[in-house]
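Every chain is named by a letter (A, B, C and D) in the order it is written, and numbering of its residues begins at 1.
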Amino acid sequence: MPYSTLISEFQRRLRLGMVGGGSDSVIGRTHLIAARVDGFYDLVAGALSIDPEVARASARAELITPERSYTDYRVMAEREADRSDGIDVVTIATPPQLHLPVAREFLSRGIHVICEKPFTKDLQEAHELRKLASQSGRLLCLTHCYTGYPMVRQAKTLIREGVIGRVRLIEAELSAGDPGVVAEPKDPGKRHWRFRKSSMGEGAILGEVGSHPFNMASFVSGLKVVRLSARMSTVAANREVYDNAYLSLDYEDGVQGRLWASYVAALQRVTTRVCGSGCLAREAH
Amino acid sequence: MPYSTLISEFQRRLRLGMVGGGSDSVIGRTHLIAARVDGFYDLVAGALSIDPEVARASARAELITPERSYTDYRVMAEREADRSDGIDVVTIATPPQLHLPVAREFLSRGIHVICEKPFTKDLQEAHELRKLASQSGRLLCLTHCYTGYPMVRQAKTLIREGVIGRVRLIEAELSAGDPGVVAEPKDPGKRHWRFRKSSMGEGAILGEVGSHPFNMASFVSGLKVVRLSARMSTVAANREVYDNAYLSLDYEDGVQGRLWASYVAALQRVTTRVCGSGCLAREAH
Amino acid sequence: MPYSTLISEFQRRLRLGMVGGGSDSVIGRTHLIAARVDGFYDLVAGALSIDPEVARASARAELITPERSYTDYRVMAEREADRSDGIDVVTIATPPQLHLPVAREFLSRGIHVICEKPFTKDLQEAHELRKLASQSGRLLCLTHCYTGYPMVRQAKTLIREGVIGRVRLIEAELSAGDPGVVAEPKDPGKRHWRFRKSSMGEGAILGEVGSHPFNMASFVSGLKVVRLSARMSTVAANREVYDNAYLSLDYEDGVQGRLWASYVAALQRVTTRVCGSGCLAREAH
Amino acid sequence: MPYSTLISEFQRRLRLGMVGGGSDSVIGRTHLIAARVDGFYDLVAGALSIDPEVARASARAELITPERSYTDYRVMAEREADRSDGIDVVTIATPPQLHLPVAREFLSRGIHVICEKPFTKDLQEAHELRKLASQSGRLLCLTHCYTGYPMVRQAKTLIREGVIGRVRLIEAELSAGDPGVVAEPKDPGKRHWRFRKSSMGEGAILGEVGSHPFNMASFVSGLKVVRLSARMSTVAANREVYDNAYLSLDYEDGVQGRLWASYVAALQRVTTRVCGSGCLAREAH
C-alpha cells in the first residue's frame, strides 16, 4: 500500500520517538531523514543521548518539547505509554548492547520498534528479542536500507522474471574502512564502542556490516542461505572484535556464493553480483 | 546559520503553503521532499491543483486539513493572511505563466515566496516580480537546487582558493530530452504546456533548463556573465517554443565559456566544467 | 579487403620510410606501433631527426641499416627512389611546416605518403599538396586515428541504420591541455614549435586538435558541414597561435552542432555525441 | 634493459616461430600483436595448425615462406634447429595437453620457449617441464600479460614504497563467462577442448583463468602465497572440468586474501585489490 494511502487512512502522521541518535551520533540523522522524506512521521519525543546536555540541545534542535525530551529511555517508555498523544513507534539508534533492553521497554508497553543493526549483541539476545516482539503483537523492524533503492528492486524483478537465466553464483560485499584509519588506542577504555567486545559482541562485524550484503543477496536472488562457513579475523591493532569476515555460502538449489564484510578494506563498497546462466541460456537443465 | 540554530530560535517549523504541485505534478514532490528532509517546514495549506478533485485528494494525502485546502490561490492568500496560524511562506509549483500573479498575491500580503523556475514567462514579468518583491520587504527565492550539493560547494571552494589556478574557460550544460520522445501533437490545443508559447514564452528553454547551468557556472566560478550571444532553435516538430539553446558567453576577467540547454539531447546531463591554468601554474600573468 | 588478403597478394610487407619521428619525437612511436601491430609494414629507411646524432641512434634502435639512415629528407627521397628495394611509402612525422615540402619530394618520385596532422601549415599549402598528390597518382593519407576504433565504427553503423532516429544535434570535442601546464617562455625563440606561428600557422589548433572531432563528427553521423563560424582565442600567455577554438556548425539536413578544440582545457577528452530523435521516435517528419 | 638497447646489441630482431595460433585460433593473434608492437620479433616459421589447409593459409597470411610452414611441430623443431637462420624462440599457442611435448622438442634443441597458459595439463607435467627447461639452459617464459600494463606496475610501486601502508587483505578475481553462454553438447566428443578433461586436466580453470589473478596478486603486493584452500565446482552442464574456483589464501606476513576464477560469471572482469592500513596509518605495529 503506498504511503499516501496509509496516511489518508490514519489522517495523521505516525508519532515517532527516538532513543540515541542525538547530535553526537552518526546514524540518528539518517533515521530522521528517512522518516521525514516521505512525510510519514513526526518526531515528537526522544532520549537522544545519555549526556543530559547533548540530549537537551539535540531535542531542542529537532523541535521536541522539553517535557518529551528524556535522558532515560525507561522513563520515556513509561511516560509516552501513558500519554494519549504518546508515540506510536520508537526508533533505536543506540550502540548494540542496548538494543534488547530498549526494545523490551517499548514493546512491552505496546509501542512498535524500529531497530538499527546489528540486531543485538549476540545470538542469544536475538532469540530473546524476537520472542519479545512476537509476544507483544507489535512490529519489530530492522533497517535494511539498501533494499529500498529502485535499482535493487529492479534487479530483484529481473532475476525473478528469469531475465538472467538460472542463478548460479552470488557475490556479496560490504567492504568498508577508512583509508587513513587511525588504530584503536592501546588503552582499552578509550576504544570506540564499535570495536569493544562489551558493546558489540566479538562477531558483530557480521551484524553491523555483513547483515547488509547478506540481506541484499537473499533479497535480490530470492534464495535463502542453507549452510555457511566463515573465516573471521581481527586485522587492525587493538581491536577486541573481528573486523574482517570472509563467508563461504551455500544457497538453496545448489547455488554457491561468497560474502565479504570488512572494516579494514580501505574503501566503502556495497555490491551484490548475481551471476546467471545467461539471457539466451539454452542449458540442458 | 545552520538550520538547527534557526529552528531553535523560532522554536517551531515554518508553516509552508504550496500552489500547484498536486498529485498530477512532477515538481511538487521535489519541493516537498526538499522541504521535509531537513525538518524545517510543515506543509499546512495548499491550492494544489486547479482540478478540485485532484486538489482535495492531494491535500488529504499530504495531511492538509480540508479547510486549508483551496482551489483558488487568491482565496488561499487571503485566508492564510487572515489566520493567526497562517503560512509563513508559499512555494509556487505551477506552470510559469502563473508565477507572477501567484507571487503577487502572497507577497502583497506579507508572505514569503519560493518560486519554481523559470522565474516568469518573460523578461518584463521578471522585472515586475522583482520590483514587487523589493517593495514587499519579503523574501523571494528561486530554486537553484544544484548549488546545494556538497560536491558543487567543494568545487566553488577549490576555485576560490586558487587550487585550479586562474579560471580560463567555463563549459556549462544541461542537456535533456527523452531518447524515445514523442513529438507534440499537431493540434496546438493538445500540446504540453511546456512547449506552448502562451505558458512559457518563446525562449523559456533558457529559464527552465538554461537557468541551471547558468547559475552553476557563476556560482562555482564566482564570475558574472558580462555579454552573451545565443543560437536558439526549435528542433522537434510541433513545438511553439525553442527547445535548444547554444550560448556563447563572456564572463568577467576575459574568461570565455559556452552553455548548452536542450530538450532534444536524448539524455539528461548536468555538467559544469571550469578549466583553470593549473595547479602548478607558473604563468606570467 | 582485409590486411591478410592484401599481404597475401603482395606476398611481402610494404617497405616503410619515416621522416621525423625519432627518439626525441612523441608521435613517431605512435606511427610505428600502428604500422607494426598488423604486420603490414617493415620500417627500412628514415630521416628520423635533423640532429645527426639522434637520427643515427634512432635508426639503430629501429634496426634501420646505416646506409638507409638519412639526415636530409631530400637525399632520402632521391636514393630510395633509385633503389630496387626502395620504400613503397613514407610516413611524415615532422612539425607541420615541413609536411608540404617533404610530401612533394616523395610524391614526385612515385612514393606514397602518410601524413601526420595538421595537413599543412595553412590553407594555401593544403590546396597545393592536394594538387600534387592528385597529379602524382599516388596515395596521400591523413592519420584520422580515432575512426579505426571498433566502438566508433559501431556508432557510425547504429546511426546509419537509424537506431537513434533522425540526427538532430552533434557535439564534438577534443579538449586538451595539461593541468599544470607551464606557460611559454617570454623569449619567442624558446617557445615550443607547436605554439609558433612560423611552424603551425596562426590557426593550427584547428588542424592539429580540431581535425579529430571534426572528422569524427562527420564520420559517425555521415553528415557534411556546410557552414561554420569560429570563435578563436589565445588564452595562455606567450603563445603566437590560437590555443582555443569554439565552432558553431551547420551540417547537411539542417542539423546543428558545436565543436570545441582546445589546448587550455586542463584535461584530455575526445568525445562525439550525436543526439537523435529517439529509438521509438514517432515524429511527424 | 629497454628493448631498444637489446635490439641495438643484437642488431637484428629475434626470429620467432609459433606452434598453433593459426587463423582458427583466438590466442595466436594476441601473441603476434604482442610480439610485433615493440618491433622486437620477426615471425619466420610456424606449425600454425594441425589442419594442413589452415596451416598453409595462415602461414601465407603471415608471410611465412612455404618451406618454413610446417604441419608437424617435431619436424619444425628439427629443421629450424638445423638452419643457420633458424628461429631463436618459439611461442606455443596450442591447447594445454601439447605444451609439454612441444616445449620438450624445442628446448632440447636449444630453442627458447614462450608458453601460453595453463602451463601444462597437470602438476606432474609442470614439474617435468620445469626440469627440462632448467636442464636445457634455455628460457621458458609464461605469458602473464597483465603485469605489462603501466597501471599495474604503478600499483606495485606504490605498494612497495609503502604508500598504502602495511598490506592487510588481497582480493583477486578473473571472473569470466559469456552472458548468453551455450552449454556444452551432451555428446562428449563435441565439447570444446577447454572443457574436456583430456586436454585441460580437471582443475585447469586454475591454470588458464586463475593464474592471472594469482600472478597479479603476488606481483602487485610483493607477497607469496604460503597456504591455500580451494572450493572447486562444475556449474554449467556437460563440462568435464571445474568451471568455478573460490580460493582462500594465506600470504606471507599474515596477510589474508581470496581469489575467484570463473567461467560462469556472466561477465569478464580482472581485478586485484590490495587493502592497506592507510596513507596516514598510525598503527602500533
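Just so we're on the same page, contacts are C-beta pairs under 8 Å (C-beta built on N, C-alpha and C of every residue); 3 or more make two chains touch, one makes a residue touch a chain.
On a predicted model such as this, the values are computed, not experimentally measured, just so you know.
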Looking at CA centres, what chain is most distant from chain A?
C
How big is the rotation, 0 to 180°, that puts the C-alpha atoms of chain B on those of chain C, in steps of 5?
180
Hey, how far is the Cα centre of chain A from the one of chain D, in Å?
45
Distance from the CA centroid of chain A to that of chain C, rounded to the nearest Å?
58
Centre to centre, by mean C-alpha position, how many angstrom separate chain C and chain D?
36
Within the complex, chain A is touched by chain B residues 4-5, 7-8, 11-13, 23, 32-33, 36-39, 43, 60-63
Listed in rising order, the residues of chain D that touch chain A in the complex are 164, 168-169, 171, 175, 177-183, 186, 231, 233, 235-238, 244, 246, 248, 256, 258, 260, 262, 264-267, 273, 275-285
